[in-house]
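The structure appears right after this line, and notes come after that.
As written, the chain order gives the labels A, B, C, D, E and F, with residue 1 at the start of each chain.
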Amino acid sequence: MQSGATSIAYETIQAKDGSLPLLLPMSEVAGRMATQIGAQYLQLDRGGKGVLLGGVPGVRRAKVTVIGCGVAGTNSIKMAMGMGADVTAIDLSVKRMAELDDLFSTKITTLFSNIDNIEKSVRESDLVIGAVLIPGAKAPKLVSREMISQMSKGSVVIDIAVDQGGCIETCKPTTHQEPTFVVDGVTHYCVANMPGAVAQTSTYALTNVTLRYAQMIAKLGVEEACKKDDALKLGLNIYKGDLVYKQIADDLDLQYTTLKI
Amino acid sequence: MQSGATSIAYETIQAKDGSLPLLLPMSEVAGRMATQIGAQYLQLDRGGKGVLLGGVPGVRRAKVTVIGCGVAGTNSIKMAMGMGADVTAIDLSVKRMAELDDLFSTKITTLFSNIDNIEKSVRESDLVIGAVLIPGAKAPKLVSREMISQMSKGSVVIDIAVDQGGCIETCKPTTHQEPTFVVDGVTHYCVANMPGAVAQTSTYALTNVTLRYAQMIAKLGVEEACKKDDALKLGLNIYKGDLVYKQIADDLDLQYTTLKI
Amino acid sequence: MQSGATSIAYETIQAKDGSLPLLLPMSEVAGRMATQIGAQYLQLDRGGKGVLLGGVPGVRRAKVTVIGCGVAGTNSIKMAMGMGADVTAIDLSVKRMAELDDLFSTKITTLFSNIDNIEKSVRESDLVIGAVLIPGAKAPKLVSREMISQMSKGSVVIDIAVDQGGCIETCKPTTHQEPTFVVDGVTHYCVANMPGAVAQTSTYALTNVTLRYAQMIAKLGVEEACKKDDALKLGLNIYKGDLVYKQIADDLDLQYTTLKI
Amino acid sequence: MQSGATSIAYETIQAKDGSLPLLLPMSEVAGRMATQIGAQYLQLDRGGKGVLLGGVPGVRRAKVTVIGCGVAGTNSIKMAMGMGADVTAIDLSVKRMAELDDLFSTKITTLFSNIDNIEKSVRESDLVIGAVLIPGAKAPKLVSREMISQMSKGSVVIDIAVDQGGCIETCKPTTHQEPTFVVDGVTHYCVANMPGAVAQTSTYALTNVTLRYAQMIAKLGVEEACKKDDALKLGLNIYKGDLVYKQIADDLDLQYTTLKI
Amino acid sequence: MQSGATSIAYETIQAKDGSLPLLLPMSEVAGRMATQIGAQYLQLDRGGKGVLLGGVPGVRRAKVTVIGCGVAGTNSIKMAMGMGADVTAIDLSVKRMAELDDLFSTKITTLFSNIDNIEKSVRESDLVIGAVLIPGAKAPKLVSREMISQMSKGSVVIDIAVDQGGCIETCKPTTHQEPTFVVDGVTHYCVANMPGAVAQTSTYALTNVTLRYAQMIAKLGVEEACKKDDALKLGLNIYKGDLVYKQIADDLDLQYTTLKI
Amino acid sequence: MQSGATSIAYETIQAKDGSLPLLLPMSEVAGRMATQIGAQYLQLDRGGKGVLLGGVPGVRRAKVTVIGCGVAGTNSIKMAMGMGADVTAIDLSVKRMAELDDLFSTKITTLFSNIDNIEKSVRESDLVIGAVLIPGAKAPKLVSREMISQMSKGSVVIDIAVDQGGCIETCKPTTHQEPTFVVDGVTHYCVANMPGAVAQTSTYALTNVTLRYAQMIAKLGVEEACKKDDALKLGLNIYKGDLVYKQIADDLDLQYTTLKI
């Protein structure tokens, strides 16, 4: 603000339908990464119980529970299916589960999100992935510590949305430097910036969606670009040094200025 | 024998590799029927627990365990997968399970046949299909009454090979007239001639494999045909009134005559 | 009404887009059941022609025609594919058929709904499933008695929406006690409450969608809940003893009271 | 022979199990080409009835019958499935059809090879591909002219093994210069050297299997190479000017010399 | 106009969401045809490099790039996958590519539409299909002559939307009489009316969508039908001899009359 | 030997067809692990180039080359396909590649094993997995250091059979303690005992195949068991203190005693 700069935040660019187009690709990457990382921490040399996600013929497959079947959760499911796990997908939306049934047919189990289903499924799982993200709101704690403590030792828990609260009681954000901690014998991986580990893929994914905004601004200037594109306008956080995004001003107790473009 | 007839039995026509070509199609039919019939008896109006094999999106799929992954068992598995069930296939042969993994990939779970795996899988199942057939020998009783009694009420058990002993302790042959009985709250369907219920399909399937023998005999006469085809020769049970099949003579304590063709 | 009760009907809870969220899961169950039941009545011991839906290798697969590709029809199609039948799906919406082509690719045939296509497909079918449901309107009689009479003896016809008129001329509602009747040699199964036969699955499916309304009412009371949720409000049929749903009042010639919430 | 050369023929190199390893890749190419070329000649601008193999959503798919499910036939089936056709595969071997059922599941229809099945399937087909190849013997004429004449005008018939007799009565070899002729309104494509049209693919495919023989000969000389590899030895037709392959000597009435290596 | 006729143009019947329902089926047909025709022109006997789309086991598959993943492009992709090609799909919409990932999973590669991706993918391709159609606007020239000239000799380029400009610089409309021309050694197929080659399929596809309009007009007369259906009304080009479609009047410099219905 | 013990080695139990039944499950585990571990080391936080195996929609998938398509290689391929990579499978056996084409259809590319194919494919790959195992012989060095040095920085190379020589020139055995080293910017993972990292899965897999031998020995004693089972007999290395396995005696220059059972 002191420099008089104008700044646009990726995470507040928002389309009319409430979707966040610049966060989308990161959800895809994080969802896929979550399964891959879960597979790693199930390895003995990473402190896991020494189970292969897909087992081998004649030996049980690992059980994976994914809670929340939005973009991130669906991508976790795809990888878990691909690696041969026995996947249970849990969601509140019957409509979304019918869509998964269309796409994945009999390859996974879909269960309605209620305490009984979550408790039973978590308890029997080798890997639990939390992927509940409610834009602009804290996710409810669907998985309690008690459920976690019933998982067998050396199991793994990952919360994709941990930086926005997450849906698993025992999760708290970690970093790539110290990515995991153990609660009740269960490894917790909660790196907030998972896509950073596959930076090449993530950068291209991000550029694919940001490029058109960059081009618009380069061509038209910020003002005209924001007039033309409402989603972009919502991305404006600081305009010529003034803080013009209400919620941030409130959260940080800073001076709010009404945007005039 | 008194009529002086010559008779050839389907079930003793045997190829060099020990396979029984005229029984093969009946195994295919019986395997597919077993799942279809299991689904019926899980219906409430047939005394079942009222569960749909594939569930619906958000509601658990029925669990089906198939013991024995030969021709019959594999066909049961195909139908169970197709109807959306959560299928566990159990077999002694690691090689066979690797083949199933090639064909069905991550759509089913394969488990090695041992007591632990069978007990756990049977106990959690809605439908258990026994498909263990050892040519010329009694199948071992892999599923005990104790395991059956641990299944939840209204579950269903089917033994495809019940007429040759079967692999489930509580099974004994029944008929299309009175196809089922109940043990410990679990419906048992053990009709020995399951393919009879889809006679059109079965007749064509059988004709496909018998036709060439009929044609050979019509063209060459029994003697020449049997000389030319060793498998057919093994099918000869009575030749011009003489009993020429050793094992049957022994079993029935009848006069055995050495075949001279 | 005399008891002064307030009653909410599942079938009139209606979302803005005209969909009936509490009927949806029953359509899923009924669609899947229709194929399973069709397979049963094609068995010889149930009066059918003795044909297995999927045939076996070398023997023809049964031909199944599904008319109407909404929720119920699509679920019938999934089961019919899964059981190995040769499936033809008929619908008026080219858009819907393109979606089926996306999902099922070359595993089924899709045909536009016109007399020629229906007549030819019905005539050649072993099993015809009617799944045309037009909310708030009678379905047109797309399959005439003449078409039915051209089917071969021992074929099966099922009309999922028979309680709302159905789309097959010869169908009239039956019950689980006497589920079928025969017209021109063709078995008709027209149980209005098909999902009742898999009550466990159906109950969970229904609870998945009703729970949130029950919770809202428990928490807020009927009045506040209905104010907050327009779909629920449409479900109100009797409010404190007054009949407040116009169409029912008209249909039953009872006193109608305008709802005041 | 006059030049005193030694020559080895691809088509007589034969493994112990009777297979012809150097002809295999050409069967793969020819099988795939047959479907592709069939699709072309169904186009109106090539004299066909103007039908797209896979139809489009709402419009019937073309019906393709493949007779003979060896290497060539299976590759024709794969392409026909891939292009969306309604495929019927006909073979004498129930075992082979069970293998196809394992691989292609419910995506195709398999029928036992008898006159009824062939006649009905050919009559209703838009494209018939003959792929019956019996090594060292003439294929039986399974498709008669009468059957062909019952196909609708503008249909297409292709015989992959036409140079060795073929299994379709009306087929006779043609060339890339004049690839087709018409019988009873049905286009016949019978180019003996189909793989020549995709020479790049064919050359690599052929080289993949011939290279090791070339390397052996280069390294060891013909004599040692033939001693070491029985299949190669059978490929020797002329050795230092002498005709050493009995059947060719007989067929062409030339002097036969016993091979002495 | 002189005859006083009333005429309705398929291509201007337009739904509220801007879609053109009567052009849709032609996009489906053209998309599928494009791959089929591309496969033909890769044959040596059609001037191509002699490559089979799917290769054979052990030999490389042809590389196909489809630019634009709307209805036409998606249908080209389906056929190319089905024929075994190595497919790259390029589009500007990340959302559309995520949908393709749902449907086709790991069977194709999806790439964001930018110069780098297009250039690299075109250069390495055997077949490039342009399928960019922007209703009411010229498509941008995404593939330059320079890119085309880097393709290897005997490759093929097809532009499905060539009659509306197309997205490939070197393409210009051709006819079924003279369908192709060669630029820099690359065969260009640019027939504007591709679906004409499969007239039977196309006619049914078109009738499926036009029938209801014909029925409405027959029943209600043009005036009432157009009042009732806004999409149809937009199809009116000439009404009782008057030109009532503004854009055509402008384009052809003719007298425009305001429609009064 | 000094203790007078009798010892049986897993790795020399050998069936008549030359297969090693007790090593089989370890090949399955190692094959699947190789892909999973490759994915890890492509992560930035493990020194990789930061690429996700399956990419995301719109971003390139990683390219994986698997050399050798036996048990281990095929399992690597399955995982790589499942994780969404662009897979190339290279083998010398055209027959094996045709089998892969049957199973995986158009989801992977198969290439014949020659220098050109290997060089091009390795150069363009993000992950190369060597899975060439020739029982009783050293694998040829198919991938040279020069090829490795052409891979882009941060790529990964894994040799599953490194403990038996391996097929990649730059590979040498490593341990779980120090699993990787870098050559020319390419990470090499060559842990000889990969299955140890998923000990639970591996133990069950191994027990599935060893149990029957243990049972035989427990029941019959070593002598009788070895008489009854030739494969087991070949497993005898030391018998009552005498070294009875010739090759080991030769390799270690120890006294060899002829086995007398």
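A few notes on this one:
Just so it is clear, a contact is a pair of C-beta atoms (placed from the backbone, for glycine too) under 8 Å apart; a residue touches a chain by one contact, two chains touch by 3 or more.
These numbers come from a predicted model, not from an experiment.
Using the contact threshold fixed earlier, the set of chains in contact with both chain C and chain F is A, B, D, E. In terms of the distance between Cα centroids, chain E is separated most widely from B. Rounded to a multiple of 5, the C-alpha superposition of chain B onto chain D involves a rotation of 120 degrees.
Of all chains, the one whose Cα centroid sits at the greatest distance from that of chain F is C. A count of C-beta contacts for the chain pairs B-C and A-B puts B-C on top.
Looking across A-E, B-C or B-D, the interface that copies A-F in more than half of its residue contact pairs is found at B-C. Per-chain CA centroids place chain A at a distance of 53 Å from chain D.
Computed centre separation for the pair chain D/chain F is 38 angstrom, with centres defined by C-alpha atoms.
Across the assembly, chain F contributes 25, 28, 54-60, 78, 81-82, 84, 94, 98, 103, 105-106, 112, 204, 208 as residues in contact with two or more other chains.
If the chains shown are joined wherever they touch, the resulting network has some other arrangement, not a path, ring, star or complete graph. Those chain pairs judged to touch are A-B, A-C, A-E, A-F, B-C, B-D, B-F, C-D, C-E, D-E, D-F, E-F.
Residues 94, 98, 102-103, 105-106, 112, 114 of chain E are the ones touching chain A in the complex.
Of all residues in chain F, only 25, 28-29, 32-33, 36, 39-40, 42-45, 49-60, 75, 78-79, 81-84, 176, 196-202, 204-205, 208 touch chain A in the complex they form. Per the touch definition, chain C reaches chain D in the complex via residues 54-61, 81-82, 84-86, 91, 94, 97-98, 100-101, 105-107, 109-112. Taken together, the chain C residues at the contact with chain A in this complex read 21, 24-25, 28, 71, 78, 82, 103, 204, 208-209, 211.
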